[in-house]
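Got a structure for you, written out below as structure tokens; questions coming shortly.
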Amino acid sequence: MEWLNTILQGILLGGLYAMFAAGLALIFGVMRLVNIAHGDLIVLAAYIALMAVEALGVNPLVALIIVVPLMAAIGYVLQRGILNRTLGEDLLPPLLVTFGLSVIIQNALLELFTADSRKLNAGNIEIASIHLGGGLAVGTLPLIQFALAILVIAALQWLFYRTALGRAFRATSDDQSVAQLMGLNNAHVFALAMALSLAVVALAGVLLAVRANFDPSIGPARLIFGFEAVIIGGLGSMWGTLAGGIIIGVAQAIGAKLDPGWNLLAGHLAFLLVLALKPEGLFPKVDRQ
Amino acid sequence: MPERLLEVRALDAHYGDFQALFGVSMAVAAGAVVAVIGANGAGKSTLLRCIAGAMPSRSDAVLFDGVPVGDQPAHAVVARGIALVPEGRRLFPSLTVEENLRIGGQLGRPGPWSLDRVYELFPILKERREQPAPSLSGGQQQMVALGRALMSNPRLLLCDEISLGLAPIVVRDIYARLPAIVGEGISLIIVEQDIVQALRVASHVYCLQEGRVALEGEARAMTREKIAAAYFGV
Amino acid sequence: MSVRVEHSNWFSRIGTAIALAAAVALAVAPWWADRADLRLLSEIYAYVALASLWNLLAGYAGLVSVGQQAYVGLGAYLLFALAMLMGVHPLVAIPIAALATAIISVPVAALMFRLRGHYFAIGTWVVAEVFRLAAAQFTALDGGSGTSLPAAVVLSIASTREMREFIIYWIALAQAVAILGAIVWLLRSRYGLALTAIRDSELGARSNGVDVARIKYLVYVAVAFGTAMVGGLIFVQKIRISPDTAFSVNDWTAFVIFITVIGGIGRIEGPIIGTVVFFILRQTLADLGAIYLLILGAVAIVVMLKAPKGIWGLIADRFGWQVFPLERRLVIEKP
């Protein structure tokens, strides 16, 4: 029974990881860019929420109203102003520029907020739990986070395959120059994709801040979890990303149960195992490598 | 309103160090069908790409309706009413037939062409509308490419080697639909290797040879000898 | 009529002469530099070596790894294990640890090469994290809190502190010179030609019969070996090791990448110039703490956007200079 609880916790944690991964997968799908600063942007969102909460005295979940559009705007400007210039055949420029960005964000946050661990308080909802009978219980907040993750992924799927914007994303990703011939302004399309990605990042950041302690240095680990979820799930598949996140979450939970120091290692080993046995991922849609 | 829908003035084009076009000049009247012929590498595709904005030029090298558009990016040129059917079709592989057509129309330019009208012109596409674009035959893909360009309701349609890789009967089939397109008031520039087919539909002909205009004139005034001389540069 | 390939030009002859003179001057540094300077120089040599190795991996073989700290740390940890748990002399342990690291890097490469491009990059980071976490679990070397070399081990290097500093300094210099030399030699050989071909066009290289996969493997393992050698020495000098310092992304990857990018990627002279610039920045700005790193990140971004070939790239393209004789010019002599 305890094990069942552990696995359940892992699944719910996986939802959060899937949200980290969704933004990453979206960007890579549309413009072949891996944003090394992705994790640090999640942390940035957490700190912006912190500022909103301290300035306005609202519940962190309410602060989302500010954080999400703000991060989306940051994403648009970032892509249009800097990252669009790095896109191309060579993978070094975007990798190095986003690496530089990661360092800048981490150290800017360090200067502004110090290395102290912070956490956002969402009120009673944090301790509420739902009893499923038979000794199983799930926290209400983790359950909400998981539900949100599913919602986000479903929304992204719907956007990609049922809307004009999603069509524009897929067309631009297929063939940039012909997309231009159709009247699509690539610079604008890519910027919209990044704005969308950072909107998801904003949600993930706030949920992270409410769930656990955060400080300027935890960004890279979030990037790695998100990345592992994408690879395990398989490129091109959003639902695969959810599965990947869940696998990482469950692996970490099981690892922690065996030995507290083992949780991160267990997640990484699960990733390496999938890489060794099924490198294209568990649910690959399209081999775009 | 200027009689010349499109005017190309002393257009140069480069790929890095390599110069592909040398001072090419051309005029297309409204409602005309202009054929551009020439050997491989003569610069025909380059010319179309410059007109469509896919390659940058001097601002006054390309005048559309009297307005200089040479330095405009492709997405702005389409908005003005010039659409390109690219060489090799270049459909979007991740999109279905219908999605490919819809993308063509996403600028929302007003005009007679809509999804229904494209399906009227190419009924086979309606049958295959939900299929992924790459699953169609070469001829059908060419129809999608044409339809996609038409969806932007252009005033000038640029067709780059639409007969490429297609069986003669398929080529004839496609060319048979061109009158329906021109009849709506769209002007056409056709780049073709199939000279016979091109001359059949065109009112004017330009022959490019190594990046220069070697011959130009009305189609009915062309003789085999003149074309051969211009084509091969003898 | 005979045809031969000429590598040097007039500038490279001057450059090589200057480099040799500098090497001699640095070799006798213990006699003209003080202790702090020697330590600084050792650090510079380590970074020149690490950056040159990363440059070979990413700039020439196209394997952009952000996980080389895995091998710095692994080389260091294996050395500590050999010295403290198996009684191997620390200086002898350096190459042994490096060799063991190279062997471990083979299956890692097999796994990593299943990923491409950006995903390869992050994959290497994951591997480094795995090593770091594993080291933290390795209780024989005090796990997460780290450990120090016992006095007996330190004394076995040399009996006086001065002598120890000199020996470590010379080994650091020797490592940098050897690694640079090996890289120049490699690039002048036909492997180097293959690498340059791969760098310019992998598909083109493959269709010309270059065994791209095998060469990438060789380069990856060789670089792991070199990186571990440098890592081992770094921590012999520090005497103290911990998982976070041994496998630090900032110290062994971020700084290395910035050095290579700012100096000029894909050219041998780049990492040297980059290291000099890096240390000048560090000496002048280090007091600013986090702001210093922020500036470093900003400089890297600006360089990447405005001058993607780095400082040396700009100079070399403009003037055709090269310090090391690496270009290939065909010289045809008429009979």
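Per-chain numbering from 1; labels A, B and C assigned in written order.
The working rule: a residue touches a chain if its C-beta (ideal position, glycine included) is under 8 Å from a C-beta of that chain, and two chains touch if they have at least 3 such contacts.
All figures in this text were calculated on a predicted structure; none of them were measured in a lab.
The fewest steps needed to get from subunit B to subunit C, moving only between touching chains, is 2. Averaging C-alpha coordinates per chain and comparing to subunit B, the farthest chain turns out to be C. Nearest to the common centre of all protein CA atoms is the CA centroid of chain A.
Ranked by the number of C-beta pairs in contact, the top chain pair here is A-C.
With centres taken as mean Cα positions, subunit C sits 54 Å from subunit B. If you average the Cα atoms of subunit A and of subunit B, the two centres end up 44 Å apart. Subunit A and subunit C have CA centres that are 33 Å apart. Residue positions of subunit A touching 2 or more other chains: there are none. Contacts with at least two other chains are made by no residue of subunit C. Shown for subunit B are the residues in touch with two or more other chains, of which there are none. Across the interface of their complex, subunit B is touched by residues 164, 167-168, 170-171, 173-175, 177-186, 286 of subunit A. Remark: subunit C residues 58, 64, 66, 111, 114-119, 121-123, 125-127, 129-130, 133-134, 136-137, 144, 249-250, 254, 257-258, 261, 265, 289-291, 293-294, 296-298, 300-301, 304-305, 308 touch subunit A in the complex.
Across the complex, subunit C is touched by residues 28, 32-34, 36, 82, 85-86, 91-97, 99-104, 106-108, 110-111, 220, 223-224, 227-228, 231, 261-262, 264-265, 268-269, 271-272, 275-276, 279, 289 of subunit A. Residues of subunit B touching subunit A in their complex: 52-54, 73-75, 78-79, 83-84, 86, 90, 92-95, 99, 102-104, 106-107, 148, 152.
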